[in-house]
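You will see two complexes here that share chain A, one where it goes with chain B and one where it goes with chain C.
Entry: the complex of A and B
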């Protein structure tokens, strides 16, 4: 009985659109700081508690059929777009979804994608600390999650527990799109087109990074750098954000 | 023979699986303000070939070079008998006010450049069109400095990218040569 009600509660939580407020603060992202900057300001914003589910995305497809698998323009998604959609259960996060489709969903749902800075800021928190990213136990838990093989079945997982802001599954379930996922490529001195990727190649990749210890964040930046906006990976989804009340 | 066909078939499959379609700025609609304050879209250029570039008017490093390069490109295209519109999209919708854009024209002696069009949108519109093109930029949340690619695009009549170059390249001859003569 107790198990049943817990399971019911969980599925309700996964189906409802639910956002929490993330307070303003300052954060040192892995990339994007100028020479004399120690951190950057983050304004208060709203963030979905969980990634957008298959059930929610299905409602979007019904309302906006141009984003259906059989209708989407080839410039806006790769061939694999929503290929496994029918095999996902309603509460699973939607995956195989391109940047353009993720963004269109958030606009439809009255929000936007979080920026990379906002996402990393929220994801640096654990259950008790706003910035746990440099503590070895937190980093190790994330790396253990990243090391686990991904599969459709694994999308049934809960991911990381609610952090200090009440945001869940920022780690341990899927990778997530951000509004400016490709921007760190431009953050190095890119006066020559061939020099852009040096953030990830020089000095073992950590050169120019603000927190060399944060290997998990480095993996996320490297993944984002490898994406094009048409990408439809089987473990890449998204959640939405919105501007906080001013 | 059949083995060769099989190899060819695999090759074509590989191409089909990995070939990116040419970027197209009309794959999604984007909304902009023209310099006269009127709303416009890149669809207004549908059916015509044009040059597309990105700058911001307070930019101190590479943008002036980009603008100088665009002016030389504009002159070279006119001299070759194939003048094109030059569409300059602002990378800084917040600070590129109408007066900042007017000052940009004065600074670069573009007051009478009737083929030039400076478009200012908002952050989501800018993100959409730059993502469609694969053009990268990042604005520092505190200093306001915008780091960005320096790519200049030749956009075809259907919105597709026909060729591109870095605004810092030494030569623009291949770009000029890529523009066919004719009415488009």
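Entry: the complex of A and C
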């Protein structure tokens, strides 16, 4: 038992080296119909430099066997859970993980999943700017990834280079879970008017979006909206965050 | 409590069948049932790279692996159980909005599906007609621009009259940063899509989908019905078939036909059912008569009609004679340029003759249109002829050419119409210019050589008749 705790502490220590601090700021998320939603404060937080790797997740499975593919409760993940795990190389990001598993991992590793606001705030930055989300070249780079075929081999990529905060691969490698991925309650086709969810609209309705031209963000929100917590996609992984020092 | 029970009972009483879906340009067979059925439709969303034009690849998002998606045929009054599967290797969630559905969103909200999942919903087809279906997941425009559309035909209770062929053709506009024809994998350009400046406007997802060996086909004396849709996302189609008059058009896919139309407007997200009979042989071109799209952006398909020529309907060229009005202009043009060096005169005349007589098919810089019109620029075929089979080149120009040829490793199987109205001197000029421009190299043709080669051509029916 003591041996296990030591191993645990060691792995947490290793992981924490790969986490950076993202300074506080303000951010306009994709959907904000009211003025007060278009300029939200973001508190300082910590974020993993890269998505959780297969090697890291394997340590988690060793420590918490209840999350292994052959043990996991069906309520916590779909059939595809970790189906390709054995074929991933150690440095590849872990994929085919459910929301429940991702959350459990982050708690084990001494953190939590980032909120959608935190994730989007960090992901709006490129190598030189804190908010590059509306710059055409930045948007096009992300769209090019969305247009590239998905494959196991593609998980070997590096993803987007370190941005101004030092966070890597927020784009160009995998989709990532967020803590409140389904908070938007955005249906696919939210063209219905008069219902509670008029944010995620198509056609003329997309005027509700604060950033109509941010197609890349549209696609991330659409992807998140399509998920259930049990979902295990071949290109969906996660990274962890933690509260910043106050 | 009673109403749902009755509905459930009614649905249970329907005979069940699985819809037979077809890839474009094919259409499922006519439904011969006379009573409603419960029809199951299984459609899978697949994101895959395919050819948009010759050497141009594009990441398409598809309903069933083709653009447009599978053709769905059901009968008025049927109940449809619709399964939408999203391939596990896809990157994005998708859904489907069928214009044939009566209900909020046309099924979109009920069919929103993550990669590696499938959804089911049911609907009754209340109205007959030809309807577009498309993906309606945000960003909707992008999903449609990447090819996510197709047609569902709700056959009326009284089916349309039997025809010999039914075909499925659907127009769509595509947006890449690079202009038409730039080779390689071309990513979607959000900017061009928002600006509504397509680099490609094509039928059935590719500039090459319905040309050459893949052309639509029929025989003289047959009747044809085209189920034509327009996926957009932006462009409205001025749909036209060069050399045909539409006998009946069910405009916008509705229930009433208009007769004797030349061009019919097909809105983005709309359709038309077009019927005509084939009276004489030849290759007919399906185009968007917003015509730059046909010749510069790919909106061109072929319908090849085999069989006997009907000379009463269309004679072919009967007479070619000198028209002095045109000649006098040409003479004065020649006089005004006669002070230039002789070589320059030849070059100028060569280009202007080429522009007037050849460029509408072979394109302004002789680059051709892949799979449709062979290139003259850097053409192995042309160089071979002009250097080694000089009489055959004269024959091509004066008699035209029908049948398969291979130019720079690409096969062409179209029809070149004869070039008319050029005397031997002009023929020599334009043929010399073409065979010594754009990287081509061959000895010049002289007027006397062309005259001799022309006289040596084999006899044809029109020359046997004798106008000369």
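General observations
We adopt the following convention: the second predicted complex is superposed on the first by the 202 of 246 C-alpha atoms of A that agree within 3 Å, B and C clash if a C-alpha of one lies under 4 Å from a C-alpha of the other, contacts with A are read in each partner's own complex, and residues count from 1 in each chain.
In the analysis below, a residue touches a chain if its C-beta (ideal position, glycine included) is under 8 Å from a C-beta of that chain, and two chains touch if they have at least 3 such contacts.
Because the structure is predicted, anything quoted here is derived from the model rather than measured.
Of the two partner chains placed around the shared chain by superposition, chain C is the only one that A:223 touches, whereas chain B remains out of contact. By the touch criterion defined above, A:75 reaches chain B but does not reach chain C.
In the superposition on chain A, A:136 makes contact with chain C only, not with chain B.
Using the contact criterion defined above for the overlaid structures, shared-chain residue A:41 touches chain B, although it does not reach chain C. Counting contacts as defined above, chain A residues 186-192, 228 meet chain B in one complex and chain C in the other.
The residues of chain A lying in touch with chain B in their complex are 32, 34, 37, 40-42, 73-76, 79, 99-100, 103, 107, 112, 117, 179-180, 182-193, 196, 228-230. Chain A meets chain C in the complex at residues 78, 80, 136, 139-140, 143-144, 146-151, 175, 186-192, 200-203, 206, 213, 215, 218-219, 221-223, 225-228, 231-235. Put simply, chain B touches chain A in their complex at residues 17, 20-21, 23-24, 27-28, 62, 124, 127-128, 131-132, 134, 136-138, 140-143, 145, 147-151, 166, 168. Put simply, chain C touches chain A in their complex at residues 47-49, 59, 88-93, 95, 97, 104-105, 108-109, 112-117, 136-140, 142, 177, 187-191, 194.
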